[in-house]
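Each of the two complexes below includes subunit A, the first together with subunit B, the second together with subunit C.
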Partner chain A sequence: MAVMNDLKVFKDSAWLGWQMEANWTDPFLFLTYSIVKPIAGTLILVLMYMVVTGGETGNAFFSYMYVGNAMYMFVAEVLFGVTWVIHDDREHYMTLKQVYIAPMNFYMYIMGRSAIKIAITSFGVLVTLIFGVMALGVDIDLAAVDWPLLAASLVLGLACICILGLALGGVSFLTAKHSIGINEGLAGVFYVLSGVVFPITILPTWAQSVSRILPVTYWMEAIRRAIEPGAMRELADTSGFDVTGMGGISDLTMMLYLLVSVGAFFVMSIGVFRVADYIARKKGKVDWTTAY
Partner chain B sequence: MQPAVETQSLTRVFRPKRKKEGSIVTALDSVDLRINKGELFGVLGPNGAGKTTLLKILSTLLLPTSGKAYVAGFDVEKDLLDVRKRINMVSGGEISGYGLLTVRENLWMFSQFYGIKSKEANARIEELLGRFGLTEKAKEKVRTLSTGQRQKMNVIRGFVTNPEIVFLDEPTLGLDVNAARAVRDFIVDWIRSDRSRTVLLTTHYMMEADELCDRIAIIDDGKILACDTPSNLKRMVKMNTTLTLSVAGLNEIAGFDTIQGLNSYSQTKDVESSTTKLRFVLEDESCVSDIVSKVVAEGSKIMSLQKTEPTLEDVFIKLVGRGLE
Partner chain C sequence: MTDSYLMRNLRAVRGRAYPRLIGSTREPSWFVFDVILPLFTIAGYAYVYKFLDARAELIGYVVLGGAMTAFWLNILWSMASQLYWEKEIGNLPLYLMAPISRMSILAGMAVGGLFETTIQAAMTLAIGAIAFNVVFSLASPVMLLVVFVVTMIALYGMGMMFASLYLLLGREAYHLSALMMEPVYFASGFYFPVRHLGFWAAAGASVIPITLGLDALRQIIFPEGIAEDAFLPLNTEIALLSGLCVVFMVLSRYALRYMEYLGKTTGRLTLRWQ
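Right after this comes the complex of A and B.
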């Protein structure tokens, strides 16, 4: 019964999330926005890359960078989306206290609200990848895609990011508008240290040690191996060494690492959320408004 | 019988982060309350008296510094879900709501968070929208509503879940006269239609507390100064009842000294309206009929009659030494 209730809360809050994301304009404009925004965001990096390399895009490293950047949208948007639920409900709609005292699973509410963010981001990632393949020569061959690896890594990776977002959501109970800065900062750490647009082997040794702890590093590697195995092989062949720094790790090990990360982050995030929730109630910050 | 709400030495202290940001505020100071099921209980006090803090603790939004609070027998610190299943809360002046949703969608959304079946929720929403005159606004986005309409929507949100206990924090704050009247009438009808329901209402409007509440606790500086029925509270004030008559055709005021129970009297002539205003201070209210008979026997015509009794404000002034506003 409790599970059914939780699923219903998830469904209803996902509907609410969808209304928040999409109900501000007409469907055509929303669709246009959903296509243009991710492409425009990606083109900034693409143009920088082209300036540096003299316009070259049809190589393995470009594909490496392009796919990493596209997948990073999940990290940025989901981390941001989960924490934004608390901030938005509290400061903008001023509904947090009403939602908070409702007899429901609050985690499911946050996850439901964020689910739609994941769906919209997934669409953006897909659009970006299609654009990359069709317009920029990104090396993705549908016949060569390792679909089971892709599915497993997507599920585990997204679960990991969502759970991490939950901890940040808890922290945002205690912060004013700074919560946005906190999750942007954390997303920035992942951008630099997780091999998103450049291999971690470029980093200093100490930073590489940090990279090897972060689950996003393994997630990026697993996704690349799944959707662009050709480019990854070419990258290894042309560089002549383990350029990604992950060559010695098998797909199974990576999946196991992601699975362990999900479990560890789950325990940690629930703990952080509960402590933050307790402190927020103690300090009277649940229905705090500061930014508007 | 188990009380709907019970507090035992409930205390809440707010400490500033840094000393220069202000001093320690004791919002609630050892508050002991017992509110019975079926009661419409009022907490009357000026701004900053601790009324909202009390409701926040009872609705699980805030932890007490010390003491205990129970709602429907459940500890507000530990049994969060059990408390939340039984309550709802409405704050006056509240303009919250998901602006991108319609009024109906907003209300439906919150009803779903309380696990109410969609069909049942929709029927209740329709009924309450009609009751508050918002039926025509049902399909309009919340962002297009006026402040008063948003407040009314929030009152509906508080009741659409059919809670056992509802906390109303200044529910008519900022509403126009008609809207405030509609809200008050609804609250009374709602609680009278099912005696298992309980309302805890905070207000700084004395008339509202007097009109609505079965019992009232007067609070100031976080302390409960008195708690009783409105009439018993008024009896605390040893103040004589005053009878004021406006009469036409009275030439001379005389002969009232013999009436038993009359303390004193005075008259003021109003030349413009050719009436005389007679003010009698009564020791015993049973002498009203003698006064009226005497005035009529003098051949005068009574144009108006007003009996003035102690108000809750008089009670408040007696207890606190200043007015509510």
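Right after this comes the complex of A and C.
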């Protein structure tokens, strides 16, 4: 019964999230909005690459960078989506206290609201990848894609990010209007340390050690191995050494690491959320507004 | 009468700037969220250039551009969206009833936001420069100050104009702000020289003052990159920025009047959550 209630909360909050995301405009404008933002974000990197190389995009490193940047949208947008729920309900619609005291599983409410963000982001990632293949020669061959590895790494990676977002959602209870900064900042940590757009071997040794702890590092590597095995082989061959720093780790080990990370993050996130929730209630911060 | 009206408006500017100035000291957590964490994004782009073995000044451009994102974010989320916020939380009718120019309220928001953001950007710039060994040329500090001031006046003038326009958009304002982040980072060349977009694309992007402002600042701070990366001659960019200052100030005044008129006639000035 409790499970059915939770599922209903999830479904209803996902529907609410969709209405809030999409009903402000007509479908065509919403579609444009959903495409322009991710493509522009990717083009920054493409232009940076072209400024240095003079426009040569048909090589393994470009594909490595492009795919990493596209998949990173999940990290940035999902973290943003989860923490934004708290900020938006509290500061904008001022409904957080009503939602908070409603007889439902608050975690499921947040997850439901975030689910729709994942769906919209998936569309953006797909469009970006198609754009890369069609316009920039990114090396993705559908026949060579390792679909089971892709599916497993997507599920585990997204679970990891959602759970981490939950902890940030708790922290958002306690911070003023900095919710955007928190998730962008943390997403930035992953951007630098997880080998998203450059191999971690370029980082200082101490930073590489941190990189090897972060689950996003393994997620990015697994996704690349699944989506662009040819480019990854070419990158290793042309470099002449383990340029990604992950060459000695098998697919299975990476999946196991992601699975363990999901469990560990789950325990940590629930703990952080509860502590933050307790402090927020004690200090009367559940319904404050800070839009100065 | 004139003096008292002037004083009232100056007090309004001070009054609206005050919560932003004092807010930053009461919420010291901004240092972590607004200064330290954005450095990671800058580091990401800087490492891409490092991995590609790029020219040193390109890493400098990233650090400078990353610091300047603070101003653009401030324009979008704390200027353009602000009147909409004020409507949502119930302050807007008070502003409209007060015996002051609405421009004073916007100017107060700009002064407070500019102060807060300048500190934030300066710290990001300093830490980023140390982390990536970026060497700045300070041979023309006066010119640097002139370019910065002119850019900020034009940029915050644009923010004041947006504030009125956003008010008419309702909830679309949020999405518009979100939409104007990455596309503007791209079009304005926050992380690469805008010249590489091609002349006409860069010229179109120059409507956004930070495009020319960034290019001009780069020419002053990294003179070794002028030949390869400068979009227009420095003096031309300063002249264009000065023109944008006037244009946006005038447009913001008209937009404010239009917003107030339209809001009153359609009864939407106090309508929330639309």
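The definition used in the following text is that the second predicted complex is superposed on the first by the 291 of 292 C-alpha atoms of A that agree within 3 Å, B and C clash if a C-alpha of one lies under 4 Å from a C-alpha of the other, contacts with A are read in each partner's own complex, and residues count from 1 in each chain.
Convention: a contact is a pair of C-beta atoms (placed from the backbone, for glycine too) under 8 Å apart; a residue touches a chain by one contact, two chains touch by 3 or more.
Just so you know, these numbers come straight off a predicted model, no measurement behind them.
S.K.: Considering only the touch criterion stated at the top, classify A:Gln19 as touching first (subunit B), second (subunit C), both, or neither.
M.R.: first
S.K.: Figure out whether A:Lys282 sits in contact with subunit B (first) or subunit C (second), or with both, or with neither.
M.R.: In the superposed model, A:Lys282 contacts subunit B only, not subunit C.
S.K.: Is A:Ala102 in contact with subunit B, with subunit C, with both, or with neither (first, second, both, neither)?
M.R.: A:Ala102 sits against subunit B, while subunit C stays out of touch.
S.K.: Output check: A:Met134 vs subunit B and subunit C. Expected answer is one of first, second, both, neither. What do you get?
M.R.: neither
S.K.: Look at A:Ile44 in the shared chain and tell me whether it touches subunit B only, subunit C only, both, or neither; answer first, second, both or neither.
M.R.: second
S.K.: Looking at the overlay, what does A:Leu142 touch: subunit B (first), subunit C (second), both, or neither?
M.R.: Neither partner.
S.K.: One more residue to check, A:Val189. First (subunit B), second (subunit C), both or neither?
M.R.: Touch partner of A:Val189: subunit C, not subunit B.
S.K.: Could you say whether A:Tyr93 touches subunit B, subunit C, both of them, or neither, answering first, second, both or neither?
M.R.: both
S.K.: Look at the residues of subunit A and decide whether subunit B or subunit C touches more of them.
M.R.: Subunit A has more residues touched by C than by the other partner.
S.K.: Is A:Met65 in contact with subunit B, with subunit C, with both, or with neither (first, second, both, neither)?
M.R.: So A:Met65 only meets subunit C here.
S.K.: Of the residues on subunit A, which ones does subunit B touch that subunit C also touches?
M.R.: Overlap of subunit B and subunit C footprints on subunit A: residues 24, 93.
S.K.: Would you mind writing out the residues of subunit A in touch with subunit B in their complex?
M.R.: Residue list for subunit A touching subunit B: 5, 8-9, 12, 16, 19-20, 23-24, 93-95, 97-104, 109, 278, 281-282, 284, 286-287.
S.K.: Contact residues on subunit A for subunit C in the complex?
M.R.: On the subunit A side, the touching residues are 24-25, 33, 36-38, 40-41, 43-45, 47-53, 65, 92-93, 175-176, 178, 180-182, 184-186, 188-189, 191-192, 196-199, 202-203, 289-292.
S.K.: Inside the complex, what are the residues of subunit C that reach subunit A?
M.R.: Where subunit C meets subunit A, its residues are 19-20, 23, 27, 29-30, 32-34, 36-41, 43-45, 47-55, 58, 77, 85, 88-89, 170-172, 175, 178-179, 181-183, 185-187, 190-193, 196-197, 273.
S.K.: Hey, which residues of subunit B end up touching subunit A in the complex?
M.R.: Those in contact with subunit A are residues 14, 56, 59-63, 81, 84-85, 87-89, 94-101, 105, 109-110, 112-115, 157.
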